[in-house]
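Labels A, B, C and D are assigned to the chains in the order they are written; within every chain, residues are numbered from 1.
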Amino acid sequence: MAKVTLLINCKDKSGIIATVTNFFHERNGNIVYIDQYVDTENGIFFMRLENEFSSEFDIVKVRADFEKEIAKTYNMNWKLFSEERVLKMAVFVSKYDHCLYDILGRYKAGELGVEIPFILSNHKDLEPIAKAFEIPFYHVPVTKDTKVEAEVKQLELLQEFEVDFIVLARYMQIISDKMISEYPNNIINIHHSFLPAFAGAKPYHSAYKRGVKIIGATCHYVTAELDAGPIIEQDITRISHSHSIKDLILKGRDLEKIVFSRGIKLHIQRKTMVFNNKTIIFT
Amino acid sequence: MAKVTLLINCKDKSGIIATVTNFFHERNGNIVYIDQYVDTENGIFFMRLENEFSSEFDIVKVRADFEKEIAKTYNMNWKLFSEERVLKMAVFVSKYDHCLYDILGRYKAGELGVEIPFILSNHKDLEPIAKAFEIPFYHVPVTKDTKVEAEVKQLELLQEFEVDFIVLARYMQIISDKMISEYPNNIINIHHSFLPAFAGAKPYHSAYKRGVKIIGATCHYVTAELDAGPIIEQDITRISHSHSIKDLILKGRDLEKIVFSRGIKLHIQRKTMVFNNKTIIFT
Amino acid sequence: MAKVTLLINCKDKSGIIATVTNFFHERNGNIVYIDQYVDTENGIFFMRLENEFSSEFDIVKVRADFEKEIAKTYNMNWKLFSEERVLKMAVFVSKYDHCLYDILGRYKAGELGVEIPFILSNHKDLEPIAKAFEIPFYHVPVTKDTKVEAEVKQLELLQEFEVDFIVLARYMQIISDKMISEYPNNIINIHHSFLPAFAGAKPYHSAYKRGVKIIGATCHYVTAELDAGPIIEQDITRISHSHSIKDLILKGRDLEKIVFSRGIKLHIQRKTMVFNNKTIIFT
Amino acid sequence: MAKVTLLINCKDKSGIIATVTNFFHERNGNIVYIDQYVDTENGIFFMRLENEFSSEFDIVKVRADFEKEIAKTYNMNWKLFSEERVLKMAVFVSKYDHCLYDILGRYKAGELGVEIPFILSNHKDLEPIAKAFEIPFYHVPVTKDTKVEAEVKQLELLQEFEVDFIVLARYMQIISDKMISEYPNNIINIHHSFLPAFAGAKPYHSAYKRGVKIIGATCHYVTAELDAGPIIEQDITRISHSHSIKDLILKGRDLEKIVFSRGIKLHIQRKTMVFNNKTIIFT
C-alpha cells in the first residue's frame, strides 16, 4: 500500500476541496486525512491531504495529471510526497550539547524517521558525542576571515550528502543569505525565548533583568532577519524571582529540547506550510 | 448568506469525502471548514463540515436530498444545523455559586451565543444571582420522598421552554435515567477531578489524601454510570504539599469554571460527537 | 488569636533570620510561615513571616519594639500587617466587561477578602453591572480637556473612601504620574500580552501578525513607563494559525481574568514585594 | 566555603525556627535558604535549611552538637548533608531506551551532579547505550525461577558500588519488599499515567479506552504497594480523540523523561521529605 501526502496553497475559490478529493477518488485513492485552512484576510486556501492507494500507484503520472488537471487551473503551489522517501537532516552545533543529545537520543530510539548524514560544528567540543552515536562529524571553523570559505565547505557537504533540511541545534552562528536561499524554509532554529520577546543574544539575561514570570523557547524557520522567521512551535515554563540566570539557562534547556524536537517533527511529517512569514501547522 | 454545519458518522468507506463535498459543491455551497476523523479500531468515519451559501438556500430540501442521495447509501448518522437557530440552555445549580457566576458573566458578555430560559435549583440560595442577571429561577426541592415529582416538574419546565440541553453547574444531584434518555448527550456536567481519578464525592479530599501534585477538572456528558460519561474537556493545575483541602477547593474553582465553559462552548458550536462513550472533538 | 504578617527587605547580613525569629519567639509568637529570598546580585535580603499570637497582643508596641530593636540596626524597609484589617480596593473600568464580571463574581463568592467601595469608569456602559452587584458606580469622563479635573475627582473619591489600592480592569487610560506617586506599587494593571512582547496598544493584533503560537497576559504594577512596571503574574494559552484576531481576543479574555485575579490575590495577601522594578512573590 | 543542608521533621512546637536558626548563627553559619512547612492536620513540622560557613567547619562536631542541643529535645528526625558528598545513583532499565538516553544525556551534560556507578538490566538490549556513554552495564536476568538469586546479585552490586539510590528508568519489574526496605524512599520510579488514574500495566491503553483528553506521568518513591508510593512530581500533556495508542506512547515518552528527571533532581538536591506516604517538596 502506497501513501502520499499532498500540500497545497492557492487563491481561495469555491470548489477546490470537491475537485481535489474527486481527483484522488477517481484514481482509487482513499483519503485518510484532510485538513484545510482559509486565510480569509489574504484570501488564500491551504490544504494537507493524505491518500492511501491499495493498488499499483504511479506517483510520476499522478503528479503530471494533477499539474495538468488541477494545479494549473487554480494556479496552485503544491507538493506531492511519497511516504517512502526518508528525509536527510543535517545537524549544525556549536558547543552546547543538550539539544544534540536530545536529538540523537530520539534519532537512535527511532522516533524521528529521518537520516542524519552528518553533524557539523564550528568547534571540536562535541565530536565525541557524534562518535558515541556513530555519526560523521565535520569540523568547519568559522572566523571573521574564514566565513566565506567555511560556507563554501558547508554547502559542499550539504550537496554531497543530498541534505533536505538543516537543524541548528544551538549553532550560535549567523546563517548567510546564500545558505538561506539555498534552503528556503528548510533551516530550523531553536531560540531560547518566547519570540518576539528577547530576540537576539542572551535572552535569559534579558528575561532575568525584566523580571518575567515565564520563560519560553521558539522553534522557527531561519530567514534573513535574525530571530524573525516563521514560528513553528513555542512553549514556556514558569520561573520565579528566586531563579538566577544560571537557573533560567538550566530550566530553559528542557524547554529548548522539547520545543525544538516538536518543531523538527512537524517539518519531517510535512505538517508545515509557510505564507507571509507565518506558518500553517496542520493537525 | 446562510451557513450550515453538517455532522456525520458512518461505517468508513472510500469516497465519502469526495461524495459529500461534491454534494454541496453542486448546490453552490462553499465549504469553509472540513474536519474528519477515522476511528480505525472500529472502522467508523466522522466528519464536520461548514458550508456557506450565498444564494437562496432551502435547508428542508437540502436535508431531504442529502438523506436520499447520500445518507441512505452510507447508512449515516447525520445532522445538518442552520447557524441561525440559537440553542436553549437550562442551568441546574445547587448551592455553589462560582460556576454560575462564570456562566452568567460569559452569557451577559455575549460570549456563549445561547439563550438561557431559566436557572433551576434544589435550593433557594442562588436565587438572588438569577435575579441580578434577570433570568427566571425555579426552585425545585429534591428530597428522598419528592424525587419523582421533582423530576416531573423539571421535565415539564424543560419542555415548556423547549430546552435543547442542560448544564449542571455543580448541581450535586444524581440525574435519573429517564432524564438522561430524554436528553442523550445533551446533559453536561463538570466534575472536580481529572477523571477517571477520584470519581464520586469529595475528589479534592481524596486528592489531598493521595498527595497528588496536580488536580484537575473534567467536563463530560452525563450517562447512567456516575462520572463515567464521554469526556469533552479536561485540564489541570499544579498544587503542592502546602495546599490544604480548602486551598484545593479554591484553586479548583478556577479550573472548574474554565473547563466547564470550554466544554459548553464546544457543545454549542456542535464540535462534539459521541461514539463508544468517547467524544470526537472537532477543531 | 491574632495573626500578623511581617514583610522585610534590607541589605543582606548574616544573622537576620535568627534575630527576627527570636524577636517573635520572645514575645510568645508562633511562626507559622517563613519565606525568605536573597538577591545575591544586589545583596538584598527579603523575608515574609506569619506569626500567630495566642495571648493578648499589642501591635502598636510590637511595631515600636521592632523598629527600635531590629529595623534600625539593619536599616530595614518593613511593614507589619494585622490580618484583621480588610483592604479597600477600587476598580477602574472602561467598556470591557469580562474582567469586571470575573472580579465581582469572585468578590460576591467571598474569594477575595477585600472591600470594594466603588467602581469608577470613564464610560457609563458598565454601570448596570455595578448596580446588579450593588456596588457604587462613579462616572468620571476623561477627555483631552478634562484630564486634569478628572484626576482631581478620582483622587477625591480614592481619599474619601480610604482606598488602599486600585485595580485597572481593562481601564484603557494612561494613569498620571501624580496618581502613581500617590499609590506606589498599589495600582495593578492587566495587560493582554506576555510582556515584554507586544507592549502598548492592540497586542492581539500584533500577536496575530507575528504568527506566534502562544498568547499571554501579564498582571503588573503600574509605573510611569507604559507596560514596563514590575510583573506580578503571567500566563499563556496556545493558539494556532487558524485563530483570527477575534478568536485571540476571545481566548485572551479567560487568560486576562485568571492572571489578573491571581495577581490581585497575591497583592491582597501581601505576598508581593517590589525591588528594582521586579517583584518578589512569596509562596 | 562549606555548605550544608539540614532536613528536619518533628512534632510541631513553638520556637523551633528560632532555636535552629540560632544554633547555626552562633556557629557563624549564614542561612542562605530556609523553607518550612507545618502539616496542621497531623501537627508535624518540616524544615529545610541551607547554611554557608566561611571559616573552618567541622561537620562531625556540628552533628553531635545538634543532636545533643536540639534534636533530642524536640525528638527530631533529621539529617545534615555536606554538599561536597556526591550521591551514587544506580540506573535500572529493561528494554525501553528513551528514559535512559535522557538521563545519560543529562548526566554527561553535567546537569545532575551525581555519579552513575552502573546500569543494570534484566535484558541485554540497552548494553550498547551504556557502552556509548562509557558506563558499566550489568545484565541480571529475572525469571520466575531466578528471581531470588537475581535480587541477591542486585543487592551485591548496590553494596559493592556503595549506591545511595536507585532510579527505575522503565524497569518493568516488581521490586521486592527486601530491596525496598534496604533503600527506603531511595528507589524512584516513573509511571506513565497521572496516578492514581491508570495504576498498573498498560496505562496508555486504559487512557485511550476511557477517552481522556490529558495523559500524565508520575514520578514516585517505590513502596510495597504497586504505583501507590509517595508522589514526587507529576505532569500532563493534552491529547485528542485522533491519537492512537501508539501516539499516546510516543507523546508520553517526552512527559516521562521530563517528569522523571525533575523528580530525580529534587531527590539529588535533598528537596524531598516523606511523611504519611506523601512528599513534602521544598522550594
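As a working rule, contacts are C-beta pairs under 8 Å (C-beta built on N, C-alpha and C of every residue); 3 or more make two chains touch, one makes a residue touch a chain.
Values in this document were obtained by computation on a predicted structure and should not be read as measured data.
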| item | value |
| --- | --- |
| Where subunit B and subunit C overlap in contact partners, by chain label | A, D |
| Chain at maximum distance from subunit C, centres defined as averaged CA atoms | A |
| Angle (degrees, nearest 5) of the CA superposition of subunit B onto subunit D | 180 |
| Comparison of A-C and A-B by number of C-beta pairs in contact, larger one | A-C |
| Cα-centroid distance, subunit A relative to subunit C, in whole angstrom | 42 |
| Geometric centre distance via CA averages, subunit B-subunit A, whole Å | 37 |
| Residues of subunit C whose C-beta touches two or more other chains | 242, 283 |
| Of all residues in subunit D, those that touch subunit A in their complex | 97-98, 101-102, 104-106, 108-109, 111, 129, 132-133, 242, 250, 253-254, 258, 261, 283 |
| Touching residues (chain side subunit D, partner subunit C) in the complex | 14-15, 17-19, 21-22, 24-25, 28, 30-36, 38, 283 |
| Of subunit B, residues touching subunit D in the complex | 37, 40, 194-198, 210-214, 216, 230-236, 240-242, 244, 277-281 |
